[in-house]
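Per-chain numbering from 1; labels A, B and C assigned in written order.
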Amino acid sequence: MAAVRCIDICKTYLQGDQEIKALDHLSIEIEAGGFVCLSSPSGGGKTTLLNAIGGLDKPDSGEVWIEDQRIDTMSKGELADLRLRKIGFVFQAYNLIPVLTARENVEFVMQVQGLSPAMRRERSTELLNEVGLAGLENRRPAQMSGGQQQRVAVARAIASRPTLVLADEPTANLDSKTSDGLMDLFEELNTHHKTTFVIATHDQRVMAHVPRLVRMLDGRIVDDIEQNAA
Amino acid sequence: MNTLRVLLMLAWRNLWRNHRRTFIMLAAISVGVWAMIFMTALTQGMVNEMVKDGVSALPGHVQVHHPNYRDDPNINNLIPMADTELSAKFAAAGFEQWASRIKVPAVITSERESRGVTLLGIDPNRERDLTFVDYEDIDGRFLEDEADKGVVIGRKLAETLDTDVGKRIVIMSQDPKNDIADRGFRVVGLFGANMQSLEETYVFAGKQTIQKLLSVGDHVTELVAMGDDYRNVEPVYEKVVKLVDDSVVVNRWFELDSYLGTMLRVMDGFVLIWVVVIFLALSFGLVNTLVMAVFERVREIGLMLALGMKPSSILGQIIIESMLLLVIGLAIGNVLAVASIAPLNSGIDISIVAEGMEMMGSASVLYPQLRMEDVILANVVVLILGFFASLSPAWRASRFQPIEAITRVD
Amino acid sequence: MNIILRLAWRNIWRQPRRTWLTAGAMVFSNVLLVFMMSFQFGMYSLMIDNSLQALTGHMQVQAPGYVDDQRMRQTVADVGDLSRSLREQLASDTIAARAQAFVLASSDERSYGIAIIGVEPHFEQKVSNISGLVSKGRFLSENDAAEIVVGAVLARNLRVNIGDELTILGSGVDGSFAAAVVTVIGIFDSGVPDLDRTLAEIPLGLFNDVFYMEGAGHHVVVNAPTVDFAPALQAELEALLPEDADLVVHDWDRLLPGLKQAIQADLSSSFFMYGVLAILVAFSVLNTQLMSVLERTHEFGIVMALGLKPGRLGRLVMLETVMIGLLGAVIGALLGSILTWYFSFSGFQIPGMEEMAIQFNLPARLYPQVTALSLLLGPGIVFVFSLLAAVYPALRLRWLQPVDAMRAA
């Protein structure tokens, strides 16, 4: 069973008077445990696709499936539930809730899920260690660097043991060294936890990293290549 | 449960993110709540004094009269049942206080002056705790028993009549046949009251003396009973009704003095209106604060939605934040109110406007009355209306689209 | 439009919702204040007019001390002559002499203690509305006739009607026994229980004979065209009084001290409430303007780096507040006067108000009128409080350092 299946999806935006086809009869399938990079120039539709897969946005037509569930017809509440249990997100910026500490941010989703405090604590400690932030558990986002914040976001994204992690330009605000570290972390998690990763980016270094690279232009897939990991 | 804990924590921390704004809003709520309770305590105090004075000037919570007496307070409208028989019944019924009396209009004349007054023939021992007259604060002495041959008049009346303790005055009224009944009395005492009109209006004499003067034998015009609380006279009323037959009417005090009765009702309404008005004035600030808070946090609210938090939880979070703000504001406001009223409990002297207050029926010392039910009313109204006021910003926040919220660029 | 004005105007619309909420608090308070003040001021002048027009009048000439004790012997000698000469000298009709006594009035069936007033029938009609309130029979006409006009409740209590006789018993000015038999020719119904129950009027000439007054009376009522002219008239009147005659002039406030004080007591509790409303509006303004200043720290930093002085920025913030304040004041005053205008036709009645209205000589239904004072006072207070509230945010700018400010997000 594929982790993600999009069948003939379309999405049109109005920008000013101009109609923009963000997704144009696009179909794609991503296998479970895959590590896929979506790339396109700005406005090429990668973020729209990512949002459609994450249930943050609904396509105008077509079907979106996560495992065996069709999500484009789900209600807001069902979508919220789906994201809570199956999907982890890492965004470009503003990834963290400012009033919560690093640990609390990681625990946030687990807490909403209703996990016990002991379990949450154990898992957040483990995850923060794994992303290399041991000792910074009680810092608030404002007291951390951009790279550290993204690592907390990654820890949070996988905290609820999602089957799918969606990352939108996760390295955009990071220097090259930090972004390499972040990609290494993604890869490690992908192999270690068998989590499916879908990353939208136009960062060349990121593209070079991934086994499958999907290039998009004007809402269509123009190139879908399997490549050997660097 | 878990979600609630998260929401509570988020709401609490968010509340203190912009502490300046929170402090200003808290100050506004506290002042508003303080004003609600303080003003209410003052007006309740005023009404309370008015009613207490009014009831003590009537006096009696429940009164029994001949059906025609209220319209025509004349000696002809006597209670048909004999006083001794009535008294025996009432004495056995176990009232807090009760008394029977004769109350008729009369003219009092000194060597120099005449005035129209209300003549009360009373049993002084029964009236001790009923009347507004303080038996200990009398120039001369109060009546000793119901056969006392003297009269006790107000200080102001004595002054206008140019009379004093020990001097004689003449009282004129009519007997049931409308013959003029007049008699000389010696003034044995002068009483003081907190309202000048009381000192001018009432003249006390022994009940038996007056019965003899007016040739009414063993009869009275009025019988009164008192409970322990003027706000709750129904038990007394029902007890009285059972003791008398239908040759008389039984009235509660607020029927006898409709001004005071209305006053009490209007004031209860006023309290609610005042609380609501203050809240409405506050609500603009409250909604403003919440709207600012919500729009500053578009992104993180979007993030929480993206992470799988339900819109209803976002709604709840904003409402909890608003409720926390209100609860803290209420607490401070309540404390302020209690603290500012406590030192005033010995009374506020407003004698500058004494005559004006007398016109309204109130004495010139105001005792603020902090009633639990008013405090509860204010708090409950603020919380309920506050809840509704926060619905709109909270609803808006919960309708944010996660995607627009996150991807929005400044 | 001036550039600074335009800047301020655009600034307040950067956050329209916030501006409207802030102005909304002002509008709410202003509508309430305009309506309440129109209502109150109208009520007060009605209270004064209604209370004064029955008996008290705008001022009275009396013997010293009469105002406090109203003793029979505290008389004004030759009161009829005095009122006549005052009418001539002041060229006014609204001046009348009176005398007053307390008596026992007896009909065939009933006796009551009442106040009886001797009046000059012709001139009394010009100073008192009681003649106009005669609902049965007619008012007094001749100065010596053995006639009496009584209050409606008193007539009912005494069980008398037009044409019936009343015996009045009392003491003359010298303490001697005074008695007369008079015919009821009129019954008045003023709606004021105290008057209807205890008051009767007879001609002054008759009063003079019955109570052995020898021309003396107790006071001369003098009315000005309206109560506002009373103080001027009082000064004129005092100058006219013969110096050797031991007489004083008391204005209505002295004669009926409860009235002004009741108004003052009501006003002061109202103004406490209005003050609280204004303070709450001020907090709202403080919050809004402080937030607006803090949000713009970065922007202010830039213009200060360009060389603008903090004082000018402070003035800009004050100007923005003035604009929001004017918005709230104008809309509030407008809506408030529309609301008041509506009630000036339909009347306004608080449920259960009747009993309270009677206590203060008021009709049960009131028709509030917008006046310049009631229209401007409330919004003015709110406006001033709003400006005061903006002083702190404006002053904060003085401590702003351009570099720090620009670093702020």
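The working rule: a contact is a pair of C-beta atoms (placed from the backbone, for glycine too) under 8 Å apart; a residue touches a chain by one contact, two chains touch by 3 or more.
If you're wondering where the values come from, they're calculated on a predicted model, not measured in any experiment.
Steps from chain A to chain C, minimised over paths through touching chains, total 2.
Interface comparison, B-C against A-B: more C-beta pairs in contact at B-C.
Chain centre most remote from that of chain A: C (centre = mean of CA atoms). Chain centres here are Cα averages; for chain A and chain C they lie 74 Å apart. With each centre defined as the average position of its C-alpha atoms, the distance from chain B to chain C rounds to 25 Å.
With centres taken as mean Cα positions, chain B sits 67 Å from chain A.
Interface of chain A with chain B (complex): residues 47, 51, 54, 56-57, 76-77, 80-85, 87, 89, 91, 94-100, 108-109, 111-112, 114, 156. Per the touch definition, chain B reaches chain A in the complex via residues 2-3, 5-6, 10, 13-14, 17, 299-300, 303-313, 401-403, 406-407.
Note for the complex: chain B touches chain C at residues 20-21, 24-25, 27-28, 31-32, 35, 39, 42-43, 71-74, 76, 105-109, 111-117, 159-160, 162, 172-174, 178, 180, 258-259, 261-263, 265-266, 269, 274, 277-278, 280-282, 284-285, 287-289, 291-292, 350, 352-361.
Listed in rising order, the residues of chain C touching chain B in the complex are 17-18, 21-22, 24-25, 28-29, 32, 69-73, 101-104, 106-115, 156-157, 169-171, 175, 198, 257-265, 269, 272-273, 276-277, 279-281, 283-284, 286-288, 290-291, 294, 350-356, 358-360.
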